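Alright, structures below, take your time with them.
Both of the next two complexes hold chain A, though its partner changes from chain B to chain C.
This part shows the complex of A and B:
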């Protein structure tokens, strides 16, 4: 469905001089530096997969998506989506993909949702029957009927996102690209969108590629994750494998009812202590969460207790720090190179 | 056909949304028409004193004024998308255009439609009609066709200027203001017979930026005025096509700009 081979993208970033005189000088001499946004990335995605494309800010996620959607032309390497080369066959490719950028709407902001949809129906030449079926289904799943006649600019963020995702799927695309589809949404709205994506994927076999910072998104939706950092691919495989690969350390936070002099627990390290609040770091391989909580309850009185999993940023950090993970993926020189880059 | 019906649909939506602010619409219409009337009044005053300018009488100049005014008003009405393109590049909306299965030029062109330019259009058109009634132009089938082609060509010329301004946004993000010298300045310059300008100036606005080709030369032909020395009659016949050629070249420039955007992003 999607084939990416040795894909690279470099940008020239120009140094802009300030002020009136500066902007005049800019026309003639512009200093620039070369920024490698995507560096030799390869992967292949099959029909019906849901893939999380993850990485910290500025890692090159959006740049990759822009190359897959035909917005940007790669500096080198090959891309095909549905058999089309996105930047060469932009219009053909566009007919078969749906795109949502969470940060910005693709709808006409002064038109009601309904009219935006009807415009899209004309643009993509969607047959009336198909259009009606889709609108009906999206209403049932996303409840868009409630704000169908409201101008897009008056929608709440959650409503706008629902409208945008529905709009991206109106023409029954084979592939759906989502860039931060749940950014800024509340828990309920997030859950609704995740459920919708899942349903569209299972019912229509739509291939989904999404970028996100939200680990919940990934856990609920993606079997497979592709990790990218500093423009390079650093992991491609099942989410479960990624977890296994990494030392899956977790954090246990406890609020004790009293002040204890010795709060040490075997197999768990105190990482933080302030008053009666203590944080332990532990690895479920050494001690299960249940046993750890049991051990604490046996000895101390507690007010509150919670377990946190590392978020994506931390996961990625661990990928770099943990050489075991790197050795699985790269040759030794690459690994050394990467670790050097990180320091 | 698909494109035409889509375009008409876009225009319909735009007109409807602009009609929602009816008061502001009517007010704009009225104020624009009044400004334009004063504009022509100034020219009339000039002629009240001098009677003639380089062999051109008041209503002959009025004919020039009407022609260029009609073209510019229509260009502003339909070419609005390019005129305000700067904003959409800054907002990053151009990415949205690139994910649609339609050409970029068509999408920007159909993005906006400024109905309120009807005010300016009608004023210029009325002046054109009055000028015609004051002159004794012997209208023939060929001349009517020639006038229509000239008007469409003049409109294409101004749209071409908007396209240049819009395309420059791919490099500078801000539209280069210099284009306004040619658009607004072009309307002003085109309102007077070209023979009053200097030689290099005439050449520049004939061969590089073909303003004279869509206005002055057609007017010469239609009013059967004496063709200035050094200008071939065939050149006068063919002059209106320069507007289409100009638009075509700016479309190539646009395409180049889009390629630049796709390789650099923003």
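This part shows the complex of A and C:
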């Protein structure tokens, strides 16, 4: 469905001199530097997949998305979406994709939602029957009927986002690109949109590529994640694999029944102790969870015990802070996984 | 290949929506109407004073001058003069133009349709009231021959198309400068002068009128209004309209060229 090969994009960024005199000099000579926004990124996405495209601010997510939708021309590399080359066949490609940029609206700001929808019907030449069916369905799922006659500028953010997502799906696109679709929304609105995306994906086999900073989105929607940082791809695989890859350490919390003087256990470090509650940090590679619990039970009486996996937020944070380590581990371990996916 | 009438259908829908969008702002329209009359009165008072002080016969009599300036105010908002704004420029500036590109739409045609819708709106909501109220208070001449009126209508439509094409050409500089106030202000003033908006070209010194004739901008104001006033007649009408057409095509081509250049170097702001 989507093939990306060695994709790169560089921007020229002009350097502005400071101060009054500097701005004069700017008129006559401008220095620029080259910024690598996307650096040699490759991946391939199959029909019906929901992929989370993640990375910190400025990592190159939006730039990639803009190249996939035909807005930006790549500096080098190959992109095909649905068999079309987006920047060469922009209009053809546009007929088969739906795009939502969470921070901006596609709808005509001073027209009622309905008018915008009717205009889109014309643009995409959606047959009346199909159009009616879709509007009915989106009303049932997103409840857009309530504000169908309201000008877009008067909608709340949640309403606008629902209208925008519905608008992007009116022409039954095969691929849906979502750039931060839940940004700024409350919990209920987020849940509603996630559910809708899920439903569209399962019922219509729409391929979804999603960028977000909301990791709940990722956990609820995406089986697969692609991580990029500093313009380079640093992970591509299942969310579970990412978790495995990163969670080399786990936390074991124990509430002891009595106070012991020596609670140390080989291969596990005490990270926290308050009264009878103790936390150990351990690495499953050194000692399995079962063995560790066994060792504790042998020596002590306990009231309660629990193992925590670091949550995805923690994971991603470690990646953003130090992706070198991940990149290395990823290329070693999951390289096979990736080649399988590509074939 | 998509049938042509269907393509036309889409862009015609853009014209209509562009019109409809502006219908939302009624108070602004009323305020604008007041401004039109303010400038109309200034022009009329100045020329009345000039004509009272002069005994020489002029190429246009006072009634014709007044009619000329009424027509100027009728079409002022349609023209690419200073103060003209294009909503599409804003879209380029804030980057939402990117969203337009995700739709299967020819951007140049879309923009042209948007400007045409804008022109229709201002012609109907600003131009018509200005004209009707002016008839009540001033001696406005009205063409007596149907053919003259038809020629005027054709020339006026071409003037509107030309205006839209010029506007796109000027405002597509937003891709490079991001702020078009400077360029549009400067070009707007030049265009305003050479269109005949301030002084009808018939009253210009010969050498300057000659320059104006070689420039495209008279096609916006002076050409259609001279036809209306019956100053351009017979074969000269055809030549004038032909020239308007030619400039229309040239500016459409230029605008298309600039836009495609602009998009190829597009760096979307933010997001």
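The criterion applied here is as follows: the second predicted complex is superposed on the first by the 236 of 343 C-alpha atoms of A that agree within 3 Å, B and C clash if a C-alpha of one lies under 4 Å from a C-alpha of the other, contacts with A are read in each partner's own complex, and residues count from 1 in each chain.
One rule holds in what follows: contacts are C-beta pairs under 8 Å (C-beta built on N, C-alpha and C of every residue); 3 or more make two chains touch, one makes a residue touch a chain.
These numbers come from a predicted model, not from an experiment.
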(request) Using the superposition on chain A, decide if chain B and chain C clash or fit. (result) clash
(message) Quick check on the superposed pair: does A:293 touch chain B, chain C, both, or neither? Answer first, second, both or neither.
(response) neither
(message) Quick check on the superposed pair: does A:1 touch chain B, chain C, both, or neither? Answer first, second, both or neither.
(response) neither
(request) Could you say whether A:73 touches chain B, chain C, both of them, or neither, answering first, second, both or neither? (result) both
(message) After the superposition on A, what does A:111 contact: first (chain B), second (chain C), both or neither?
(response) both
(request) Overlap the chain B and chain C contact sets on chain A and report the shared residues. (result) 11, 66, 69-73, 90-92, 94-95, 97, 99, 101, 104, 106, 110-111, 115, 119, 122-125
(message) Show me the residue ranges of chain A that touch chain C in the complex, using the header's touch definition.
(response) 11, 62, 66, 69-73, 90-92, 94-95, 97, 99, 101, 103-106, 108-111, 115, 119-120, 122-125, 151, 179
(message) Help me check something: in the complex, which residues belonging to chain B touch chain A?
(response) 2, 5-6, 9-10, 13, 17, 91-93, 95-96, 98-103, 259, 262-265
(request) Within their complex, state which residues of chain C touch chain A. (result) 2, 6, 9-10, 13-14, 17, 20-21, 24, 95-96, 98-99, 101-106, 264, 266-268, 271
(message) Which stretch or stretches of chain A touch chain B in the complex?
(response) 11-12, 63, 66, 69-73, 75, 87, 90-92, 94-95, 97, 99, 101, 104, 106, 110-111, 115, 119, 122-125
